[in-house]
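The two complexes that follow have chain A in common; it is paired with chain B in the first and with chain C in the second.
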Partner chain A sequence: MFQTIKPYWAYAKASFTVGFAYRLHILFWVLSDLVQVGVLLLIWIAIYGNSSSTTMQGYTLAQMMMYNLIIYMTASFTYMKPLFDLADDHFDGKVAMSLIKPTKYIYEVFFRNLGNNFVGNIIISLPLMIVLSTLTVTANHGVNFTLGTTILYVFSILLALLISFFSNFIFATMVFVTDATFGMMQLNEAVVRIFSGSLIPLSFFPGWLKTIAYILPYASVYTVPTLILMNRYTNSELWINLGIQLAWAIGLIIGANLIWSVIITKMKVHGG
Partner chain B sequence: MIEAKHISKSFVKYEKEKGLIGMIKGFVNAKKVIKKAVDNVSFTIQEGEVIGYIGANGAGKSTTIKMLTGILTPTSGEILVDGIIPYKDRVRNARNIGVVFGQRTQLWWDLPLVESFSILKEIYQVSNEDYKARMEMFEDVLQLSEFIKSPVRTLSLGQRMRADIAASLLHNPKVLYLDEPTIGLDVNAKLKMRQAIKTMNKTFKTTVILTTHDLDDIEELCNRILIIDNGKIIYDGALSDIKTKYGSDTKVSFVLKEAWTDFVDLAHLMEVDPKDIIVKVDEDKLEIGFDKRILSVAHVAQVIMKNYEVTDLKIMETDIESIVSRIYNEGKVNVSND
Partner chain C sequence: MKRYFEIYLKFLAQHLKRMLQYRSDFLIGAGSFLFIQASGILFMVLIFQQIPDLNGWSLTEMMFLYGYFQLPRGIDHLLTDNIWLIPTKVRRGEIDRYLLRPINPLFQLVIERFQIEAFGELIVGVALMIYTIPLLNIDLTVWTVLLGLLFIILGSLIYTSIKLITASIGFWVINSMPIMTTVYNIADFSKYPTTIFPKVIQYTVTYLIPFAFVSFLPATALLNRSNGLEILLGSVIAVSVLSIAAYRLWVLGLKSYQSVGS
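Take a look at the complex of A and B:
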């Protein structure tokens, strides 16, 4: 197992090195993200200010703000965007250079994304984690990180990382079929944004929308780890959600491999 | 080492009509056009052979290479490379092969060259000793050290190509596929590239398949050539056979003092059959084409100079370029009729 994974770490290392060289890009991109989160927080402050009750769907304003920060942290911990890789590799025929290597393309892209993900973790997630921890220790925001929830959070994040990658990979393979990258990216972003819970907690959704959200895998990527860290699940809910995550991870890995094995035989490789 | 049995590859293209209406129509039912890029190609290549794979633009060379390397799956037919079906067992096959596509790179654009090598070392699991030995050999032949610390994106085309060929050889592959490895290289860089290929072939018995538009590459490196035209193999054999067949075609052109107007039967003067010579006249220019094995240049020149006043004369022997150009134009090789 270790021997078979070893060559792939080279891809992660390479993209980490490249990504780190471009850390300034990432930093600007993080800044624009933070502005978005800031706007979201201001909106919630306004909503709570105009509301007669101090809690909504079981969240106080402080908890809601924590929710937004934690889900943002979760999103960057699980950030995997194979769509960029696939579009890039497909359009100028670079995929040929991957296919001559003694490694599987899916896992190559996974580790490439993992390398970028680490850059993001160092620049965004870890600092944010430290800020959040100090916040909870110094001020009472109605959220207590315990060792237990933190360990479960890490475990849940690892599953979320797999779900994030393989669901997006399946989505991204459509680039090879439709040749429509930009549209696919927009669609992917929009679907994730709405159904992940990163815009509004899913508990705010009306019933039918909630059903769709729980049928799609995105809740497992964003909402589940976030709520685990915020300690909002009962014991049975916790294990059920982890179980669903595990099922998604396994199902999507198998699905992605199946779809890719079909696409690879039909694929056109540009250039030459 | 390599066996291709009746391989074909068709591409489906959707032809769209022009204009907005056409675009909308095309969206609903575009006309399906099937392009046979490779058409029933078969060949066998032994270990240690260096094969030149040539053909005009769009003939199907790159498509064949992509199938041999496992990148594309043939529409029909079968390929075996060292006992492995490349497109079925791609990863295992990839360990045995090195590939250079001249117009792209397998190096990491943003990283110093040496980092690309160390990444490839890990991907192919090359041992430290082997890595060191190979880097030393590359240094001898390809002189990479002057730019090994520079990011790949800053390398010149020739430097990058040298680096790419080194990258493809790092794991000492059994088969090396080179798709236009000398494209855009200067004379010296080409020599280095050829030297590297020769060295690998001699030292490790590496089997090499090379596509190129530079026929010097072929003359320098290949003992056997395959010519593909419109997806079909039209020649498979030694380069020397083609050269003897076509290379005996010779032309002598004369510039005469006065325009050639007497229309005498030159074949008769030279005592050969009229179909053995081709005469072209343009006022004072007279060009005579013949087969060197039937007529000698000296004899032709003698006959003409005896009968006319000649101010200039030029002898044109067929070089490999014009042979190949003739073969591409005719779309077939006539080796059978002698």
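Take a look at the complex of A and C:
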């Protein structure tokens, strides 16, 4: 097992080194994210100010703000964007090179993304985790991180990471069919934003929309870890959701491999 | 002037040909923009299930504002999107060729790209206008229509100027792209009534980075919540100051521009 994974770490290490070289750059991107999160938090303050009740769908204002921050953190913990790699490799004809290597392309891309993901974790997610933990300990925001929820959160994040990568990978293979990088990227982001719970908690959705959200894998990437950390699940709900995550992870790994094995037989590479 | 017009038409014809060639990219691109807009509208609809109004703004008015916001943004997107590439082009030394031709460098740069995906934003904007205007108490006189169109033109000029200012910073720093995105994101405040935000933000988006003049303030004028002439005057002042500053900065940047080897 260790021997088979070992060669792939080189990919992760390489992309980590490159990503870390641009850490200042990433900090600036965080700044622009902060504006967006800030707009969202201020809107929620205004929304609760106009409501006659202090809770909405079971969230107080403080809990809603925590929800938005935690889901942002969860998004950056599970950030995997194989679409960039696939589009680059597709248009440069580099996929051909990857096919003659003894490593498998799909896992090569996975580890490349993992390297980048670690950079984000060091610069954004972990500091944010520390800040949020301090916030919940020092003041009562209706959310308490306990040792138990934190451990379950980490476990859930690991599964979410797999789901995030392999679902986006399947989405990204459509670049080979459509040749539309920019469009696919936007579309992927839009679908994830609506159905993951990062736009608004899924409990605000009407029934039919909720059904779509739970048919798609994105709730398992964003909503499930977030609600675990916020301790909003009963015991049975918790294990059911973790089970669904596990099923998604396994199903998507198998699915992505199947789709990929079909695509490489159909693909034409020019030059490279 | 006539020459510039002819050149523009030639470029436009090329872009349209390319669009027809890569039809799927265009359709998916425009479709994805529609999807992104849909998420914003969905958010508002779901929120208004919980509250009757937001600081005196009804759902219909909010949707009007949201749609109106898309129009100047879409026009700016459609016509001048290539300004986003200035920082990259400076870094790679690709500004040289604009300086070699006997046409205004900024004009050359801008006509290089025609961002047809922006039709996604424009379609949503127009659709929301058509849907909300009959529901609202807007009297469609020649004056309001004219005012509305004028605000859209001024609004897109505000977008373009702010974009050019932040892009031109790229002549002096290694990569001004994150600055561009950060400032561009501030426009999001103007998607909602700015009065729901703290005073600091209201002043910032009105006087410092005047995105409020792009959609929020014009919308209040069209909805008869404020004096149209005052807003128009403010908008004209904002556009004049910003566009002159932006062009000056761009020219200054070109002067200090040093190419790279090879």
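Throughout what follows, the second predicted complex is superposed on the first by the 271 of 272 C-alpha atoms of A that agree within 3 Å, B and C clash if a C-alpha of one lies under 4 Å from a C-alpha of the other, contacts with A are read in each partner's own complex, and residues count from 1 in each chain.
Just so it is clear, a contact is a pair of C-beta atoms (placed from the backbone, for glycine too) under 8 Å apart; a residue touches a chain by one contact, two chains touch by 3 or more.
Note that this is a predicted model, so its numbers are computed, not measured.
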Which of chain B and chain C A:M97 touches, first, second, both or neither: first
Which of chain B and chain C A:I254 touches, first, second, both or neither: neither
First (chain B), second (chain C), both or neither touched by A:T265: first
Partner chain in contact with A:W9 - chain B first, chain C second, else both or neither: first
Which superposed partner A:M184 touches (first chain B, second chain C, both, neither): second
Partner chain in contact with A:V18 - chain B first, chain C second, else both or neither: first
Common ground on chain A, meaning residues reached by chain C in one complex and by chain B in the other: none
Residues on chain A engaged by chain C in the complex (per definition of touch): 25, 28-29, 31-32, 35-36, 39, 42-43, 46-47, 49-51, 56-57, 178-184, 186-187, 189-191, 193-194, 199-200, 204-205
Chain B contact footprint on chain A (complex, rising order): 6-7, 9-11, 13-14, 17-18, 21-22, 92-97, 99-104, 264-265, 267-269, 271-272
Residue ranges of chain C touching chain A (in the complex, touch as defined): 22, 24-33, 35-36, 38-39, 42-43, 46-47, 49-55, 117, 175, 178-179, 181-182, 185-186, 188-189, 192, 196-198, 201
Chain A contact footprint on chain B (complex, rising order): 11, 62-63, 65-66, 69-73, 87, 90-92, 94-95, 97, 99, 101, 103-106, 108, 110-111, 115, 119-120, 122-125, 179
